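Below: a set of structures, written as structure tokens.
Both of the next two complexes hold chain A, though its partner changes from chain B to chain C.
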Partner chain A sequence: MSRAALLVLADGRFPAGGHAHSGGAEAAVKAGRITDAASLEEFCRGRLHTGAAMTAALAAAAALGVDPTGLDRAADARTPSPALRVAARKLGRQLMRAARATWPHPELDALAQRFPKGAHQPVVLGLTARAAGLGPEDAAYCSAYEGVSGPATAVVRLLGLDPFDATAVLARLAPELDRVAQDAVDAARRAMTDGVDALPARSAPLLEIGAEVHAGWPVRLFAS
Partner chain B sequence: MHLDHSHHGPSAVSADAHRPDGTRRALRIGLGGPVGSGKTATVAALCRALREELSLAVVTNDIYTREDAEFLLREAVLPPERISAVETGACPHTAIRDDISANLEAVEDLEDEVGPLDLILVESGGDNLTATFSKGLVDAQIFVIDVAGGDDIPRKGGPGVSTADLLVVNKTDLAPYVGSDLARMAADAKAQRGELPVVLQSLRSEEGVRDVADWVRARLAAWTA
Partner chain C sequence: MTAPGGVRATAAIVARGDGRGGTSLPVLEGEGPLALRRTRGSGTEARVMLVGAMSGPLGGDHFTVDARAEQGAALWIGSAAATLALPGQDKAAARYDVRLTVADGAELHWLPEQLISAHGSDLYVGTRVDLATSARLVLREEQVLGRTGEEPGRLTSRLTVRIAGRCVLDQELACGPGAPGGWDGPAGLAGHRAVGQLVVARPEFATAPPAARVLADGAAVMPLPGPAALVTAVAPDALRLRRLLDAGLASLC
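Right after this comes the complex of A and B.
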């Protein structure tokens, strides 16, 4: 395990397309559910324990070597909103390009071949971690952290929120994020023996509905 | 749902000059520059000038709408399947320089779906004077400014003005109304750019996009040579 490789993968500037997505924050801002740092924190906490907990487990399972096609199907089944499935595949395809250029690996090539228009992003993320010599904990941490850092960055742009406040929100969530990542790895290890049904299936109805509404807007800053 | 895509090969990892099947890919030209300088109007004029002789497609990068793509569709400069819009998350320069994956996907999908193509024009969302395209995305770039944005912009320089492969000073027809000194703009541009070419154009004039279209033809001849 290389700690430096983890930093490369977790860097917000890793060129994998995330900058164009708000993780549901744009819809929540418009609906008046995020207005300041306190409501951003509540939004991120909700996301951490639902969508992010699920993607972290998928990523950890992929990093452990669970069959990525089965994981991709599991991700589809856990993502009711078609708009979110489309976004997840787009981001998966973008991450795949960056990953293959950064850490060339036959398993990445095989997944790209199987899903030329993109597999679900957390599945690609887990395989990327594998290709980078990282473990399931690393993959789970990256996915869970992305799940909250994406909305926090987006809200800085959307509301002009003080960037120091947004970063402090992330720092306050860190202990919870540690637990979510650990649970994700435990679930991924169970999936090794019991299959993908052992992975959490926690979707957040408001995020799903918000994503569908957002996809229909003619004017928006973020792709999702 | 997209559960099965097994019939396509994987896309190329980088901006290779060749497509996965070994054929040469289309030349990609980026158009950048400040908001409202005339990028979309130049793209539209180029499409009208070149569509009879070349197989063309366009990628637009709108900041928060799909207006550029919709304008091109409304003007019917190309069939709709040849126009694709990328969403940039409030950061147009990121999508053309720091994280180009969404744009690379758009150009590759166009080549897959409507190719073979000779030329793909990639229009950036309107941005500031430092916004330039990555060499991983485009083979050449045009920076479009206009006379109404102030005739000191060529003097201010910046990466777009000084290093773009072609600098276009657009809307010369407006110069008398906004008090812009075209001779001074041309001289300042020359001082910033040395041998790199500059075109002063008005899309409202008879010549329109002619000089830029000639420049594109020359780049394409060099690309396919």
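Right after this comes the complex of A and C.
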């Protein structure tokens, strides 16, 4: 594997459109549930152990070569909010464009053809890692980190939070992120033999409900 | 893991169309804490109540309910009282499995009262629903974290719904002491002490899916990737949660 390829894929400036999404932070700020660095940290911690743990496992499974169509269905079943399913496919399509230009690979071409409107982003991310010569751990780390770095960056803009404080939140979450990424890889390996039911399905009720509330706003800063 | 000393109890229900527009119950077998009573149904429907003959589940217990609505059946299952998860003597976890199967043309209402997670308890609930293509379902699950003013126990609840073999919903809720971090934070429950899910599946949704809708700040109707919809709600208490889920069900009718 190439450590440099991991940096390219994990770079927030990788042109895959993630900056337009707040990971539910915009709705939580508006509802008064995120007001400072401490509540941002609890928000990110909750997201890390639910949605991000799930996407990390999906990405790791895709990187291991588990059938992406089955993974896409598993992602659908684990994403009851239609607004979040739409966002995940939109992000998947944007990542696919960047990935095919960056690391051309027949498996990416096949996935793009199978899902012209976009597959779930973590499935695309896992296959992208594969195309870049990276492994399931790398895919899991990228996905889990995105799951918390997106909201942290968004809250800097939404609340005018000090970027140093937001980054410190991410650093404090690092040990938990290590465990989540490792658990995701373990679950992905079980999915190789036991099927996609072995993947985690932990949900965060207010993320799902908040996504639907957010989708109904006429004006918003972030797409989700 | 459940402890060897805990109570094992199983309830089995099979409902079948009786060929005269009604529903018969060829199997109605409960035991111990899972006693079953047939109550007066309305018209074509058979009604069954789960009657808690003992308290629990306590730590170490393992309960299983298996209900099948076969062709032509209309089956309604409720419970006489809330289920109270309590700690056992040896700190072991408890487990409650629910298996629901609905055949083509059959209908199941699974509407038990709340599950209350008492302080010190540790319960895993696994609910697995398998629906045939033209099966109909109304399912409600409500989790209440602690009795009034009480810290909750640990509760993990996984709900999967399959329609014609395809999984349309797989979600797990984990809360209470020892649950992964952030469960009560701004992404999870944010201090709400009641959370619930209501699933409605109907073959008509395949051609006319229900619209997504926000019912309140803490409740939304969400069409699933299949002919089914989920109402998810959080509320300060069980009473307000029930109102939100009732409103969600009414909006789907």
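Following the convention adopted for this analysis, the second predicted complex is superposed on the first by the 224 of 224 C-alpha atoms of A that agree within 3 Å, B and C clash if a C-alpha of one lies under 4 Å from a C-alpha of the other, contacts with A are read in each partner's own complex, and residues count from 1 in each chain.
Assume contacts are C-beta pairs under 8 Å (C-beta built on N, C-alpha and C of every residue); 3 or more make two chains touch, one makes a residue touch a chain.
Here the structure is a predicted model, which is why all the values come from computation and not from measurement.
Chemist: A:73 in the overlay: touching chain B, chain C, both, or neither? Say first, second, both or neither.
Modeler: Both: A:73 reaches chain B and chain C.
Chemist: By the touch definition at the top of the document, which applies to A:197: first (chain B), second (chain C), both, or neither?
Modeler: In the superposed model, A:197 contacts chain C only, not chain B.
Chemist: Is A:34 contacted by the first partner chain B, the second partner chain C, both or neither?
Modeler: second
Chemist: Once the structures are superposed on A, label A:85 by its partner contacts, choosing first (chain B), second (chain C), both or neither.
Modeler: So A:85 meets both chain B and chain C here.
Chemist: Looking at the overlay, what does A:175 touch: chain B (first), chain C (second), both, or neither?
Modeler: Neither partner.
Chemist: Now for A:160: first (chain B), second (chain C), both, or neither, which partner does it touch?
Modeler: Neither chain B nor chain C is touched by A:160.
Chemist: Just checking: does A:106 make contact with chain B only, chain C only, both, or neither of them? Give me first, second, both or neither.
Modeler: In the superposed model, A:106 contacts neither chain B nor chain C.
Chemist: Looking at A:48, would you say it contacts chain B, chain C, both, or neither? Reply first, second, both or neither.
Modeler: Once the two structures are laid over each other on A, A:48 reaches chain C alone.
Chemist: What part of chain A is shared between its chain B contacts and its chain C contacts?
Modeler: In chain A, residues 73, 76, 82, 85 are touched by chain B and also by chain C.
Chemist: Residue numbers of chain B touching chain A in their complex, please.
Modeler: Residues 1-3, 5-6, 8-11, 13-14, 63-66, 87-91, 94-95, 98-102, 104-105 of chain B touch chain A in their complex.
Chemist: Help me check something: in the complex, which residues belonging to chain A touch chain C?
Modeler: Touch list, chain A to chain C: 24, 28, 31, 33-34, 39, 42-50, 53, 73-74, 76-78, 80-83, 85, 176, 197, 200-209, 212-213, 215-216.
Chemist: Mind pulling up the chain C residues that touch chain A in the complex?
Modeler: Residues 158, 160, 166-174, 180-183, 185-190, 195, 212-214, 217-220, 222-225, 230, 232-234.
Chemist: Which residues of chain A touch chain B in their complex?
Modeler: For chain A paired with chain B, touching residues are 13, 15-22, 72-73, 76, 82, 85, 89-90, 93-94, 97-98, 100-101, 104, 109, 112-118, 154, 157-158, 218-223.
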